[in-house]
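Each of the two complexes below includes chain A, the first together with chain B, the second together with chain C.
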Partner chain A sequence: MRLVTHNMMSSNIKGVANGFPLLIEAAQVVEKEVDFNADFLKNIFARIEWKALVEASKTMGYSELLDNVESSMLDSEEFLRKFHHALLEIHLEEGALVCPETGRKFPITKGIPNMLLHEDECTVFVLTGHDLYHSCGTPGVLKALSIAVY
Partner chain B sequence: MLPPASVPQLMKLKMKLKQLEGLLGSVQQFENPKIEFEQYPTGPHIASRLLFTAENSFGDVRDKVVADFGCGCGTLGLAAGLLGAEHVIGLDIDAESIEIASSNAEELELDMDFVQCDISKLRLSDQVIDTVVMNPPFGTRKKGADMDFLSMALKVASRAVYSLHKTTTRDHIKKTALREYNASSAEVLCELRFDVPQLYKFHKKREVDVAVDLWRFVPKDKQGKQL
Partner chain C sequence: MWYLCVFFHRLLEYRKTEFESLAGLFEGRDGAVTLEWRLPEDHHPDSPFHFVNLPSEELARNIANRSILVKGIYELWGEGRNFEELEEAIKSYPDDRKLPYLKPDTTFRITVETFGKAISFHEQNDRLQKLAFVPFKGRVNLRNPGHKFCLMDNDDYGSSNGLPPVVQRRIFFGREIGASDRKILQTYQLKSRKYLGPTAMDAEMAFLMANQAQVKPGKLVYDPFVGTGSILIAAAHFGAMTMGADIDIRVVRDGRGPDCNIWSNFKQYGLPMPLSLLRADNNLPPWRSGLKEVFDAIICDPPYGVRAGGRKSGGRKLLKGVIGPYTVPDDKRSNHIPSTAAYSLVECVHDLLDLAAKMLVMGGRLVYFYPVLREDDSAEPTFPEHPCFELTAKCEQILSYRYSRVLLTMVKVAPYTEDIELAARVKHLDFKENHLKWLEDGNLHSAVFSPSDVKINGSGEKCSSKPKYRGKYV
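On to the complex of A and B.
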C-alpha cells in the first residue's frame, strides 16, 4: 500500500468521529520505482492532506518532506521529486493501520490492508429494517437488532 | 498480427482497443466464484470498451487516480493501468479475489494498490480519487447492492463514475443517481450483452445473456479545498 492510498482512507468504525489519518505501524517497508510525472503531482498536490503524508512518510522512515509547504514550491523539481517518492514509491508491505480514536488495528499483509469490520463495529445510521440489513448485512445481527427496535 | 511489444512499451503508445482487449484476455479469473458476493468475471470485451471509452472520449483515465470498486480479479483496474492511470486502487471484500488480482497486476507489470473492505461501509476521502470504475453486483442476491456501490462511488469520485447495470433497471438508476446520489449527469453510453457463464449450480441455462448498460455518471462539484 502506497501513501497516496493511506491519504484517502479513514477508520470506519461505528461511533468514531475523526478516523483520519490512520496511524501506521510499519513492520516492513519496500520501495518501488515509479516514473516521475510532474503534471500529476502538481494536479494532486492540493487534494492531498499534507500533514498526514508527512507523518506517514516519517513513520515509514522517510523524513525529507517539510511540514509547511505552499503551492509555489511546485515549481521546484527537487520538491516534486520528494513528494513523488513519498506519495508513490514507498509501500507499507507488512504492519498495521491503527484507528486514531479507538486504537483498533487493521492488519496489512503482503501490502494489502484488511479494513473489514466485525459485526459490532458497523455503522448504523437509521434504525429501519432495510438500513439494518444494509449496514451490517448479516442476518444474525439483523435479527438481534430487530428485536431491540420493535 | 500485432507486433510483439512489452507492456510498458505499449503503454507509451496510444493503445488500440484490440491490443487492450488482447492483454486483458490473459488475465486470470475466479477459481471458485462465491455466490454471496455475486462474483461474475468482467470479460475482456466489456472491460476494454469501458476503459477505452473513458479514456478516449472523456480523458478520465490517463494520469488520473482510478478506483475499481468490487475489483474481483482486477480486470477493470488493470485496464485503467494499461491505459496510463497514474494510480489504481482495487477494493474488494474478498481476500482470494484480491490475491488473484494482485498476481494479475504483477503479470502485466502494473503497480496497483488493493484494499480489502466492504464498499458500503467505506470512509474514503472525496478529494483524491478522480474516477471510479466498477462492475457492481447486480443485486440479484443482495437487493440494492449495486445501489450501495453507486452511492459510494458518487461520494468519492471527483470526475466520473463508470458502471455497469442491468438494462431493466435503467429508469430507476437514472432517477436515483440524479435525485439522491449527488450526480449532475447520468448517461447510458451503450448497451452491452453480458455473458454470464454457468458458474453456479442455480443457473439453468448454460450461458445467461444479460442486457447491461454502460453508464457514465458525473458527480456534482465537491466543496473541496482549493489552491
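On to the complex of A and C.
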C-alpha cells in the first residue's frame, strides 16, 4: 500500500465519526521506484490531505516533507520529487491500519489492505425514523425522500 | 474534410462510438462528440464503409492509430461502380492533392482488399494493373512504405458476408491516413496471460472500454471490481495510473502464487504497477468522507449474477434475517473472517453510480457493462440514470439467445450535491431493509438459465423471430 491509498481511506465502521487518518503500524516498509509524472502530481495535489501525508510518511521513516505547503510550490521540481517519493514510492508491505477511534486493525498483507468490515461493524439494523435522521445527519430527510429515486 | 473510414466487420455498435470518443479525446472535449457521417451510395448502415467529416488529417491519423475497430482511414481519391468510373474519378481528383504522394523520391505500397471474399493473388494483380494510369513515380516498398494506398471493393460475390445482398458494386481507391494497431490484441490476448479469472475481460473489449473512457497518460482510472485486473491492464497500456478494489481477497492479494497474480500480469506486459490494490466492499467503500472528484475514469464490469454473483459485507445470514444482530466476540476479532451476503445487480449499480458521481472529476467518464434480457424485442431497455450523469453511448454485445450486455458510457455533467448524497443514503438503507425483495427482483440468473419451455409458454414463434444476426438493423 502506497501513501496515496492511505490518504484516501478512512475507517468506515458503524458509529465512527472521524475515522481519518488511519494510524499506521508498519512491520515491513519497502521502496519501489515509480516513473515520475508531474501532471499527475499537480492534478492530485488538491485532493491530498497534506497533514495526514506528512504524518504517515514520518511513520514510514521519511521526514523530508514540509509541514506547510501551498499550490505555488508545485512549480518546484525539488518539491514535486519529494511529494512523488512520499506519495507513490514508499510501500507498506506488511502491517496494519488502525482506526483512530475504535482501535480496530485493518491488516495489510502482501501490500494489500483488507478493508472489509465485520458483520457487526456495518449498519444492518431496521430503518426507523430515528436511524434515518441520524444516518442522514441533517433534518432534510423529507426533502431527500422526495428526490426522484433513480 | 470528408474521409473514407473502413471498419473491421465486428462489434458493429461499438464502431462509431469508439471513433467519436477518440475524437473527443484528441480534441480535448469531455462530453459527447457527434461527428457527421455519411454512407456510400447503396450501402447498408452496418457496412464497414463509411464517410466521416473531420477537421484535420492529424485528428484522423490519431483516431485511427489509437482505435481498435478502425481498419483504416483514407483520403478518398476516387470511387465508382466499375473500374471505368473509378479511373475517371481518380483522374479528376485535384493534382495538388495527389502529386505530393506520387513523387520520384517516395516509396509506396498498394494493397487490394475485398469485403466478404478473399481473392487470389492473381486476381489482386489483375486489379492492380487497372491502376496503371495513376502516375506513380516512387519506388515500391512493401515492408515500410512512405505512403500506403488501398483499393477496396464490396462486390457481391453471391456469398454471404452477413449483410443483405449488395445492391450495387462500389470500388474505392484512397491514400491511407492511419490504421488500427491490432497487434496489441495479440500481445494482450487472454490465452497467453498468466493470471486469469472466470470473467476476465477479453483484451479487445478491455481496450474498447479504455477508449470509451478516454484514457490517457497521467489520468487516474479506478475499477471497483478489479478481479484479475484485465480492464486496468488496458488502461495502463494507454498510460493511465490505475487503482483497483475487489471484495474477494484471494483474487487481489494471493492470486495463484508469487508469479501468478495481478502484479505479475502487469509485469508480464512491462506496464507500470497499479497505484493501489485493496480489498474493499463496493457497498461500503472505505473512502474518507471529504474525498471527491479524484478519479478521471471508472471502468468496470460489475457482477451481474449470471456467471459471477456480487457479494457485499453485512453477513450472509444476518441480512437474510435468519439470525438476529450479533457481536463478534473480542477474542475472535483479530482473525475473524466476515461472511458476505449476495449483492443484487440493482443495488450494485446504484452504489456504482453513487460512487462515480462523487469520485469522478467533472467531465470524467463512467464506463461499465449492464446486462439486458432479450425477451421483448420491441421495447427499448431502460438504463440506469443519475442526476450527475449524461449517457453518451450504449453499445450492445449479444451474449446468448437470452441476454446481452450493453457497454454504457456516462459523462459526469453535474457536481455531487448534499441532496443527492442524502437520497443515496436513504436508498442504501432501503436496500438493507428489503434485502430479500431486491435479491428476487434483480435475479437475472433464473431468467438466463431457466428451461425455455417454461418461459415461452406456447409462443414459440416469438423466439424464432429474434434476430440471429449480430447487427441491429437487419
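The working rule: the second predicted complex is superposed on the first by the 124 of 150 C-alpha atoms of A that agree within 3 Å, B and C clash if a C-alpha of one lies under 4 Å from a C-alpha of the other, contacts with A are read in each partner's own complex, and residues count from 1 in each chain.
Here is the rule we use: a contact is a pair of C-beta atoms (placed from the backbone, for glycine too) under 8 Å apart; a residue touches a chain by one contact, two chains touch by 3 or more.
Quick caveat, the model's predicted, so the values are computed rather than measured.
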Partner chain(s) touched by A:Ser71 [first = chain B, second = chain C, both, neither]: first
Touch count on chain A, higher of chain B and chain C: C
First, second, both or neither for A:Met9, with chain B first and chain C second: both
Which of chain B and chain C A:Phe40 touches, first, second, both or neither: both
Chain B versus chain C as contact partner of A:Asn114, first or second or both or neither: both
Overlapping contact positions on chain A, where the chain C interface meets the chain B interface: 1-2, 4-5, 8-12, 19-20, 32, 34, 37, 39-40, 43-44, 47, 49, 88, 110-117, 122-123, 135
Residues of chain A touching chain C in the complex: 1-2, 4-5, 8-12, 19-21, 32, 34-35, 37, 39-40, 43-44, 47, 49, 88, 104-105, 109-120, 122-127, 131-132, 135-136, 138, 140-141, 143-145, 147-150
Residues of chain B that touch chain A when the two form their complex: 63, 65, 86-87, 89, 93, 95, 98, 102, 111, 113-118, 120-125, 127-129, 142, 144, 148, 156, 158, 224-227
Residue ranges of chain A touching chain B (in the complex, touch as defined): 1-2, 4-5, 7-12, 19-20, 32, 34, 37, 39-40, 43-49, 71, 88, 110-117, 122-123, 134-135, 137
Of chain C, residues touching chain A in the complex: 217-220, 241, 243, 247, 249, 252-254, 272-273, 275-281, 284-291, 293-294, 313-315, 318-319, 325-328, 333-334, 336, 338-340, 350, 353, 384-387, 418-420, 422-423, 425-427, 429-430, 432-433
